[in-house]
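Below you'll find a set of structures to go through.
There are two complexes below, and they share chain A, which is joined by chain B in the first and by chain C in the second.
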Partner chain A sequence: MWSKTKELTHHQTNPVNQTGAGRLLRSLPIMIVVIGVVLAGMTRLQQVFNWQNGIVVAITEGVGNFSAVFLGIFIEAAPFLLMGTLASGLVEVIFTSAELGRLLPRNRFLAVGLGSVLGLFFPVCECGSIPLARRLMSKGIPVPVGIAFLLAAPVINPIVIASTFTAFGNSLIFWLRFALTLFIAIGVGLLFLFEPDRSRILRPASAGTFHAFHLHYDHEGDPQSLYFKEKIKKMMVVAADEFFEMGRFLVIGALLAALMQTIVPQQWLLSLGQGPVLSVIVLSLVAVLLSVCSTVDSFIALAFSGTFSTGALLAFLVYGPMVDIKATLMYLRVFRRSIVVLLVLLPWLLTLIAGVAINLWVR
Partner chain B sequence: MKLRRFERIALIIIATLAGLLALLALISDLVGLPQPQVVFPAQDGMIGGRGPVELRFQQDMERFSVESRLSFEPAWQGVWRWLDDRTIRFFPNTTLGEGNSLKLILAEGARSRDGRVLRQPFEAALKIRPAALVFLSDPLISAELVRMDPLSGENSFLTDSGGRVFDFAVSPDGERIIYSRINLRGGSDLVLIRRDGSEEKVLVKCAEFACIEPAWTPDSRYVAYTHYESGLTASMVEAVGKIYILDVESGSSNLLFNNPGLYGALPSFSPDGTAVSFYDFGENAIRLVNLVDGSSSIIPSRVTGRGSWSPDGATLIVADWDGEGTIPRSTLFRLDLASRSVSRFFDDSFEVLDVSLPAWSPDGELLICGLQTESRQEGKQLWLFERSGQSVQQITGDPQMNYSSYQWSPDGNRVVFQQVNLSQSDDAPKVLIWYRADNRIETLFDNAAFPQWMP
Partner chain C sequence: MTLRAGRSFQALILALMGLYLLSRIWNGNILLYINQRFVVLVFLAGLCLVVLAQFLYAERLEENNNREVLADSWKLNLWWLTIPILIGFLIPARPLSPSAVVNRGVSMDAPLSARIEDTASLLSLSPTERTVLDWIRLFSYSEDIQQFVGQPVDVTGFVFSDGRLSDSQFMVGRFTITCCVADATALGMIVEYPGFAVLKEHSWVRVQGTIDLLERDGRLFPMILAKSVEAVPQPEQPYLFP
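Our next item is the complex of A and B:
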């Protein structure tokens, strides 16, 4: 029967399964459980022994904060990573490279513009946009289009539009958030038109040949139905592989972000944030440090609105979804290091210039 | 090492952007603080005789640096108050007459908290707009609010409630009107509209209860009202009212007194907004509540009514029975709030049978008052008094007519009031106006009542 005869073969073996990273990946769930048990245990120990030693108390408080921040970031981001990888799997099974190519405008500028608004159809935050962008580029979508999508999708999507509107209403900040994001995403995307060699941009594993599947089925059942089941299965396999591959970077990124938040006092950073220039720099760095998902960052920005200028708030809302600690780590899985530097630096400079200009001349 | 084309372009772009950012940082001190936005006056620089004037900044400001640089030309005495770190509003001590022009000036040097300095002085030309009138048209059958320009006679409906307007109050800044609207359950809700009737918003839904007698704070932010648990028809008779304070921005209401045995009605704020007075049915007195420290005091008054605050807030005039005759006379008493002393308002030689509460002129020098002096069968006539209680003149003298609901115009040159013909029971009330300069009285609107000025 079908289950006996169907075959699902990788033409190129998934590198994740063979490397040390693969082993790390397989042990990821255990690691998370162990970390959780240790953190809970430390808290319990403090209660049991009622340690009065100030250092120990400070450490355990720090660990408590660290674990809370880590879990907050991870739990917030994981569903979106899952959505992104599912969307990636969906793209893999629905579109062939040729079909995707046909969907794009022939004009390169228009194509980049289209890439920047693709997020409207894939409501993912930054964790989800990275695997999806990688998938699209691996299926032959031009890199500039993929990068425009990567940078814009965390903001230009229905969930973030709704949450930003809820927080700020029909205001200048609401409209400028989307306009600036589009401007920066398209601008950075267009730069990559000058690099025709995609192998110099993407890491080999992302360059376009991994996870190519062949579907085989016999003709005893309903071909359409079997084909559909096979596609679903394939989608799930792709999504699961990618979820765990990207998931470890999410975990490491969330750990780093939690560590930074524990070590660097946020209040100290915020107290620096006055002045039309410095406030923009500080809030853009806070966005990187906090690493919150773009679906909820509007409400955090709203809390800053009494203290910070409009330009600074926009820097937080525009730059944060493009670049934060966990996203940067995930970028490293997709792009070459020099390109990651560009993807961090260019949006930052553009955001700073826009934020300062808004502070000086708009409001 | 030779750079590739893409790398060269990327480096050039990064260098350019970094240079541009550095340039912006350098000129940020030169650009200075952007000019504040004038929230009020909304258009053409026209404001009411009592403001509002409100400036909104785009940054959190160093408050003193702004306050010390704000002025009017010619001078307009009053107080600047911060609504938040970015918004400052002027509360005038005096009312300016319509047609007056003045200039609001914010001198250079005002600083924002982020250290930016206003490098150019900011100026806004202001002009006091002509005060309009608001009253109830067809009050006995189908009451709606009407706005009227007393100079041109032009008028327009502000509400379309199906004749369900019960009472109303115009905000001191003339920007908004709150009115009570009879609902389908026999109670009344409180509804807020702008001065042109737009942006109608139901602020308080009272179901079968009656929410009426609204009174604004001087800063036009809060409204005190009476919530009658007995509903609209029985409200004043059963007198089980509670006083609530409503924040018109948020729409939240709070009970003034959380005392189950304390009932009141007819709230009124002191001119500085720090005290509220209302009629306490339990004590048969006007209760004065200090909103700053929560203390309250009683001013005996067996005549149900509001107290009448002098514009400077130093004096409260209340009505009370005079003597213990079979048919007692009512008269006015003056409460000096500083010394807590009470004295008669009228000269001993001035005979009064019945009196309504007076209305103070905006400068606090004159009062207008409805009085019965000759016979209880006659209507109350309008009289003008000095603040000392010395009568200046009798304004109306038709015993067939009863005059009430009088209110001074913001410039103090006119008084609008209501006339009812006592000899014809089916006669509808009229709104009239008295011109102080030439002692002239004109009918403004037939079949209308309860006129109020809208600055």
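Our next item is the complex of A and C:
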């Protein structure tokens, strides 16, 4: 047990962390906390002394808007993240590693297809689907199935189906959103059948938290032998650890999205692209930058529907839930870097092709 | 840091986060951040975080926890997760200010979050009780919009000017929030008011007058012929929830 711990600490003091960039990265959260406290103090003082200086008012207003958007995203996403990590904790204590793999159909294509519609039974949005997908894969679900789940679950779930229907009704966009998402998720998932070595796809079960925890329970054998009370406890601790691990990326993503929304005018982004091809590119990038939850993005798309083509709206609705700032950061935690590049670019290209094709041939 | 200390910190952060969410619900400020239909979900999440904190706090006493931990990333996570708590508690809770409209743009018509084509419940409201959102909905989904011409209007919103309008016109707007502030969209109605020049951009006003129609690009939009425009303080609840 101790030797394992040593290995862990050794693993952590890798040379990257000793470089300047590594040090900068490590002090980043502390810097943000300090800047935040200074700005917060300033807004308080502005309120107390009622300064009316133009610059001070502009800054405090900016800080106010920034914090409103940041807290909005965080408060909205935190319950979903919590749901995902609790589900992951539940999977951890209920199934032994081999069991879950055996529940899948033998046929690999069928299994990937099943993975893409699994979201119907686990209604989580992108913040929740990533920890859950990782847990499922570590419990013996093949990687292609896990990836299909990961990409499709934020859209193929009851909540999002309902909200898209509210926004678009029984229209072309409604049906195409789900068809395209399934197509891309299954396609990308099947691609991973060609790489049977999962260690080249997944990062080694990530450092620190899990090991610290697993060490403690390892000697008690597989989860089946734990008492009920122990199981609940284990589920809670696994969920909490994962909440911290993924919550970090939620915080970073929300900070970036809030900064973006406070500084860059939306009109400016939208005026960049018109025409059948450019509009698709621009709106898919807007989806990444806005980082709104998949449960509401259809309402936002509705706001764009006056100015943008159908293909562009679909790109927004299909690509946004698969890849956005916070999801990409979480991917980096789970997958190797080259795989993340693939997971970001491949769906994007497929979305572009589909969006442009719809613009040119359908309407 | 030992694992024991780490667990205590985790418990502290989770408890503070849970209490933050619950306290915002208690004092009503939660509605400055999210749509009301998500409040129950946030409430459950707040409770859940407090319970999790309790489990972690108990967990710190488990054997093995005197070990020196832990990966840098593990400790960093603690710092990152304090950021929402600090921002939440330290920066005074304020709604999105009307000046944000510059970055977000305005919509005057149909692109509405909740597509309620059934306008019966809106029609049953007395005209002066309708909000900016109600009016725009009515105009988007009613078959006969001529019926509204001449009806009295009494709406509150913030002032903003738009280059496309004439000198005597401005827009009165409200942010609508479907999910959280990140998706806030401004909805606006055009107001015809000769005294517009004295109004301060982005200040809150109450507009009273009658409905008229304005044709623009071959479409009809509602326009308020204002009889009076008075400055008012920002409403308790500055957003409208579709």
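By our rule, the second predicted complex is superposed on the first by the 282 of 363 C-alpha atoms of A that agree within 3 Å, B and C clash if a C-alpha of one lies under 4 Å from a C-alpha of the other, contacts with A are read in each partner's own complex, and residues count from 1 in each chain.
One rule holds for everything that comes next: a contact is a pair of C-beta atoms (placed from the backbone, for glycine too) under 8 Å apart; a residue touches a chain by one contact, two chains touch by 3 or more.
These numbers were taken from a predicted model, which means no experiment stands behind them.
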Chain B versus chain C as contact partner of A:292, first or second or both or neither: second
First (chain B), second (chain C), both or neither touched by A:167: second
First (chain B), second (chain C), both or neither touched by A:76: second
Partner, of chain C and chain B, that touches more residues belonging to chain A: C
Chain B versus chain C as contact partner of A:357, first or second or both or neither: first
First (chain B), second (chain C), both or neither touched by A:277: first
Common interface positions of chain A, toward chain B and toward chain C: 306
Interfacial residue positions of chain A with respect to chain C in the complex: 5, 8-9, 11-12, 17, 26, 29-30, 32-33, 36-37, 39-41, 43-44, 47, 61, 63-65, 67-76, 78-79, 82, 86, 166-167, 169, 206-209, 212, 215-216, 233, 236-237, 239-240, 243-245, 247-248, 251-252, 254-255, 257-258, 261-267, 270, 290-293, 295-296, 299-300, 302-306
Chain B-touching residues of chain A, taken from the complex the two chains share: 191-192, 194-195, 200, 274-277, 279, 306-307, 309-310, 342, 345-346, 349-350, 352-353, 356-357, 359-361, 363
Residue numbers on chain B that touch chain A, as the complex places them: 5-6, 9-10, 13-14, 17-18, 20-21, 24-25, 27-28, 31, 34, 58-60, 85, 113-116
Contacting residues of chain C [partner chain A, same complex]: 3, 10, 13-14, 17, 21, 24, 30, 32-34, 38, 41-42, 44-45, 48-49, 51-52, 55-56, 58-59, 62-64, 67-74, 76-84, 86-88, 90-92, 94-97, 99-100, 102-105, 107, 109-115, 178-183, 185
